[in-house]
Amino acid sequence: MLAGNPLGDPTDRDLLVYTPPGWEAGRPLPALLAVVGFTGTGAMLFNADPLGEDLARRMDRLIASGACPPCLIVAPDCFTRLGGNQYLDSAATGRYEEYLLAEIVPFVAREYGATRWGVFGKSSGGYGSIVLGMRHPEIFLALADHSGDSCFELCYLPDFPGALDAWREAGGPTRWLERFWADENRRRHRYMKPLNMLAMAAHYSPLAGAPHLGIDFPFDLETGEFRPAVWERWRAWDPVNMVEAHAANLRKLRLVYVDCGTKDEFGLHWGARALVAKLGGAGVSPVYHQFDDGHMNISYRYDVSLPLLVRALA
Amino acid sequence: MLAGNPLGDPTDRDLLVYTPPGWEAGRPLPALLAVVGFTGTGAMLFNADPLGEDLARRMDRLIASGACPPCLIVAPDCFTRLGGNQYLDSAATGRYEEYLLAEIVPFVAREYGATRWGVFGKSSGGYGSIVLGMRHPEIFLALADHSGDSCFELCYLPDFPGALDAWREAGGPTRWLERFWADENRRRHRYMKPLNMLAMAAHYSPLAGAPHLGIDFPFDLETGEFRPAVWERWRAWDPVNMVEAHAANLRKLRLVYVDCGTKDEFGLHWGARALVAKLGGAGVSPVYHQFDDGHMNISYRYDVSLPLLVRALA
Amino acid sequence: MLAGNPLGDPTDRDLLVYTPPGWEAGRPLPALLAVVGFTGTGAMLFNADPLGEDLARRMDRLIASGACPPCLIVAPDCFTRLGGNQYLDSAATGRYEEYLLAEIVPFVAREYGATRWGVFGKSSGGYGSIVLGMRHPEIFLALADHSGDSCFELCYLPDFPGALDAWREAGGPTRWLERFWADENRRRHRYMKPLNMLAMAAHYSPLAGAPHLGIDFPFDLETGEFRPAVWERWRAWDPVNMVEAHAANLRKLRLVYVDCGTKDEFGLHWGARALVAKLGGAGVSPVYHQFDDGHMNISYRYDVSLPLLVRALA
Amino acid sequence: MLAGNPLGDPTDRDLLVYTPPGWEAGRPLPALLAVVGFTGTGAMLFNADPLGEDLARRMDRLIASGACPPCLIVAPDCFTRLGGNQYLDSAATGRYEEYLLAEIVPFVAREYGATRWGVFGKSSGGYGSIVLGMRHPEIFLALADHSGDSCFELCYLPDFPGALDAWREAGGPTRWLERFWADENRRRHRYMKPLNMLAMAAHYSPLAGAPHLGIDFPFDLETGEFRPAVWERWRAWDPVNMVEAHAANLRKLRLVYVDCGTKDEFGLHWGARALVAKLGGAGVSPVYHQFDDGHMNISYRYDVSLPLLVRALA
C-alpha cells in the first residue's frame, strides 16, 4: 500500500504487537491500534525510561491487577520523511489511512486473532484516533483521543511565523527539508515548527504539481500573506468541523474518550473543549477528562483510557 | 473628545512637544506626530536610558549634525485601561483617531506654529502611522511605520491560546482586567497576551452590548472555537487588506517609510513584507528596510526614518 | 571626585532631587539617597510608566495621604561604561563611594537643607544601601535593601558560563565591551550576563595592570578553571560575609530594612535569608519581608519601605 | 554488590550487551563499557528514534562499513532513586564503581569473551568514563568522555538556586524526593535541577547520619549560605582537580578522548577546556574535539569516538 509513496519512505515497516501474559497464538482477543504522535513510531511506545513506564510494562501491570482485560496492542510505523503522520491518505505523503485499514488490521486479525478493534493515540495520534474512528465505525468500535490536534487556528497557526522564517532562510521548504535530514542532530528545538507545519500542510493541503513537495500552504511563502482558500482546506480536516458530518458514525461508537491537560503547550485543551462541545451537539456523549498537566510525558493517562477502551470492546 | 469614553480613562492628558534648539514660539515648523506602542505613552519617548538615547537627545543630535532639519515632535498620551491604543475610533475604547485629528493637531498648529505634518511610530504606533496616513492624507503628508502590526493571522493569532487561558482562569475578560489593575506589578510577562488581545479586540471587533466590556472575540471564550465572522472584522483593519481601498490616498503621500527587524518576535517582518508587496501593487513606492534585530529597543531606527520624514515635509 | 576615572566616564553628572509638595528652599528635611540597580541612573526612577508609578508621583501620594512624612529623595547618576555601579571605590571604575559621601551628600545638605540621611535601593542599589549603611553609620541612620546582591555563589556564579562564552567569542572582555558599545541596541538579553559580570569583577577584584580593563576574574578566561583566590576577594564584599566585622556599625542604625521576592530570578531571596540570619546573629533586628514576586517591576515595595525609612529619620 | 544499597534500589539489573553481526559466543573481542547520562539506563541507548539512530544500528553500520572493528558494547543499568549515577562508590547511593568493576566486567569477560576494555559515555557518563579510566587503568585501556561533568563551579553551582527553592517548597530534600516519585510525570522540566543536585550531593558529599538522606549540601538549606568546606569535598571529585594526582595512571591509557559542544547548555565546554589543559600539563595528549552543538541529541559523536576506542584496544 505504501509502494510508490511520494516521499520515498520505506515500504517495509516494523509492526510491534503487544501480547498479554500467557497469550497463545490464535486465541481471539480485542485489539487496540496505537497511532503515535509527531516524530514518533510505534516502537517508541516500548522505549525504556527509568523515570516512566513503557507500554508493555504498563499493560502487564494493568492486566495483572485486573484493571484491564487482556488485549493486543498493535503499534505500526507510519513515520515519514516529513517527521510524522496524521493517518490520512494524502497525495503528498502516501496512503496511510488505507495502509492501516487494508493491511495492518487484516494482517493482525489473521495472524494474531484480533477480533474487535479500538484505536488510541496522543497528539497527532489523538487526531488519528478521532478521525479514523469517525470515518470507520465499521472497524473501530471505540477510540481514545489524548491531547489530539483540534481547533486548528489555536494549535497550528501559532507555529507559522517560525516555520515561515525557517523555510525562507533555507531557500524554501524543499531545501529546508534537505538540510534538516543532512543534519546529524534532528531533534533541535528550532526544527520542530517548520517540520510540523510542513507535515500538516502535506496532509491537509496537498496540491499535485505544486513546487514545494507537492504541497500548498496557507501563507504566501514570500510575503507571509494569509491565503484563506488554503486555510479552508485545513479547516475541513479539523475534528471540530468534522463532527457534524460524521455524527451518525460517531453515535455508532461504543466509546469516545477525549482528554487533554489544561496546560497543553499547543493549546490543545481548547481543541478538546470545542470538540467535546461539538460531540455533545451531535448526540455523542464522550468520556471527557481535563487534567492538570501539559502535552509531554503524559502516557500515565493510558491507565485511565485503555481499560475503558478494552472493556468497551468486550 | 475623550469625554465619556467607555473605559473611564482620563480626559485630561499630557501632551509632550519637542522643540528644536533655538526654537521660538510661533516660528513655522514641520511637525511629526509620534504615536507609541502598546503599554506606552508619548512621555515614555523621553524616558532616561543610559544604555540608549531618549528622543529629545536624539533629535538634538540629528538636528545639530545637520542630518535632520528642525522640526517639532508631538507626543500625545492615548493610553487606555486596556493597555494601549491602535489610534482608531472604537465604541469600546473612545474616539482617539478623532482626538488626534480634531484636538491635538489643531492645538499644536495653533500654539506651536506646526505647519505640515508627518506621523510615525513603532509597533501599535507603526500600525497607527500607516492607518492614519492612508486614511488622512489631507493632514499627514508622510508616515513611518516601524515594526507595525500587520498580517494579523501571524502577529495576533499566536497570542490567543495564552489570552484565552488567562481570561478563563480569571472568570472572563472583565474580571481578568480588574485583577490586572488590582495587581501592583502590571508588567508581568504573563499579562501581555491577554492584555494585548483584549485591546486589539476592543479596537477591531467592538460590539455594543456585548457582555465583556462591549467587545466581541474571534474565539468562543468557553470552548475556543474559532468564529470566522468576527475574524473578518479584524481582517478589515489589517493594513495588508486596507491598501487596495486606500490606494489613491496612499499615492498622495510624499513618503511612506516601512521597516522591521527580521527577527521580530511577533513575526511583524512578515507583516512588513506583505504590506510592502501590497503597496507596490497599488502603485506606491515605499522606502523599505529590513534590519537584523528584533522588536524591542530599536529606537535607533529613528535615525534613519525621522530625517527622511522631515525632509519630505520641507 | 570622578575626575580621571579609569573608564573615561563623564565627571559632570545629573543629580535629581525630589522635593515634596510645598517645599521651600532651605527648610530642613530628612533625605533619602536613592542608589539604583544595574543599567540604571537616578533619573530613571522618574521615568513615565502608565502601568506603574514613577517615584515622584509615588512620593506625592504617600506624603499627601500622610503615610510618609515629607522628605527629599536624592537620585545621583553613578552609571559607568560597565553598565552600572556597586557604589564602592574601585581602581577599575572610580571612587563612587567617595563621590556619594564627599560630594553628593554635602552638596544636598548645603543646597537643599537635608538633615538626616537614609539610603535605599534595589538590586545593585540594595547592595549599595546595605554596604554604604554598614560602612558609614555616621552618615546614614537607616537603610533599605530591596532585593540586593548577596550570597554571591548563588546570585553571581550562575551568570559566568554565559559571560565567559560571550567574552571568548568577542576575543576577550575588552573587545567585548567595545562591541557592546558599538551596537545601537544595548539592551539585548544576551548582553546582560557578560556586562554584569564584567562590572562585578571591576568592583570586587580590580587588579592594577591586569590585561583586561584592570580587572581580575574568578575564572580563567581561556579554560574556565575556577580561581579560588580571586573568588575570595569577591566573597569579602558579599554582605553576608561583611556583617560580622561591621556588627557594631549595623547596631547603630535606626532601621535596617531588607526585603526580596521569593521568586527572584537571580536567587536573591536566598541572599536576603542569609543576610537576615547574619544580622540576627550580630544583634541587629532588621525589618524583613518576603513577598510573592520576582526581581523586576517591584517599585511598589517602596510604599512599604520609604515611610519606615523617613519615620526612622524623624 | 548492590545488596543493601541505602536507597532501596533494585539489586537485580538488566544488562544489555551488543554483539556485532556474526558474533559467536566465546570469540574474544574488545569490549566497551557504556555508562549513561543522568536519568538514563543502558537500555535507553537502544531506544527507537526515527529521527536518530539507536546504538545497535549505529554499531552495525560502523562495523559493516569497516569504520570500526567488531566489538562488544556493555550497557549496564546503574539507575538510582536519585535519578542517575556518577559511577562512584557512595555511602548515600551504593557501591556502583565496585559493581561495575567486580561484577559487570568479570561477568562479561567470562560469558562473552570480552578481552580488553574501554569505557565511554556522555554527560554523567562522560564523567564516569574519565574518572573510571583515571582510577582503573588496570582495567580500562581507553576512554571517551563526551560532554562530561567538569569545572563544577560552572556546571553545578548554577543549578543550586532552583534546587534550593524546590527543596524548601517541599519541606526538604527527603520530602521533595517522595513527592517527585509520587508524581506520575517525572520528566517535568522543573524537577531536573533539584533531582540532579540531590544526586550530585549524594555522590560528592555523603555524610552518614545527616538528616537528609545521608547527604550533606554545599549550601545551608534554610538560608542559602555557602558552605565552603562541603564544596571542597565536591571539588575533590572534579576531574579538573583529579588529573594531577592521577597523572601516572592517565599516562598509561592508550586513548583519552574528550569532546564537547561549544554551546553546551550546562557550560561543559568550559569543563572540557579546563580538563584538556590539565591533561596536557600532566603529560597526557588527549584526542580533543569541540563541535558546534549543545548537550542534547549528540549521539552522532559516537561515530567519531567509538572507532578510535576500539582501534586503541586492538
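The chains carry the letters A, B, C and D, assigned in the order they are written, with residues numbered from 1 in each.
One rule holds in what follows: contacts are C-beta pairs under 8 Å (C-beta built on N, C-alpha and C of every residue); 3 or more make two chains touch, one makes a residue touch a chain.
Here the structure is a predicted model, which is why all the values come from computation and not from measurement.
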Exercise. How short can a path of touching chains from subunit A to subunit C be, counted in steps?
Worked result: 2
Problem set entry | Reaching subunit C from subunit B through chains that touch each other, fewest steps | 1
Problem set entry | Relative to subunit B, chain with the most remote C-alpha centre | D
Seminar exercise, completed: Taking each chain's centre as the mean of its CA atoms, subunit C sits from subunit D at a distance in Å of 42
Exercise. Measuring from the mean C-alpha position of subunit B to the mean C-alpha position of subunit D, what distance in angstrom results?
Worked result: 55
For this session: Using mean C-alpha positions as chain centres, tell me how far subunit A is from subunit D in Å, no decimals.
Result: 36
For this session: Answer with line, ring, star, complete or other to describe the graph linking chains that touch.
Result: ring
Seminar exercise, completed: Touching pairs here come out as A-B, A-D, B-C, C-D
Problem set entry | Residues of subunit C defined as touching subunit D within the complex | 151, 153-155, 157-158, 160-161, 164-165, 219-220, 222-226, 240, 266-267, 270-271, 273-274, 277-278
Exercise. Of all residues in subunit D, which touch subunit A in the complex?
Worked result: 39-41, 43-44, 46-52, 77, 79, 83, 184-188, 293, 296-298, 300
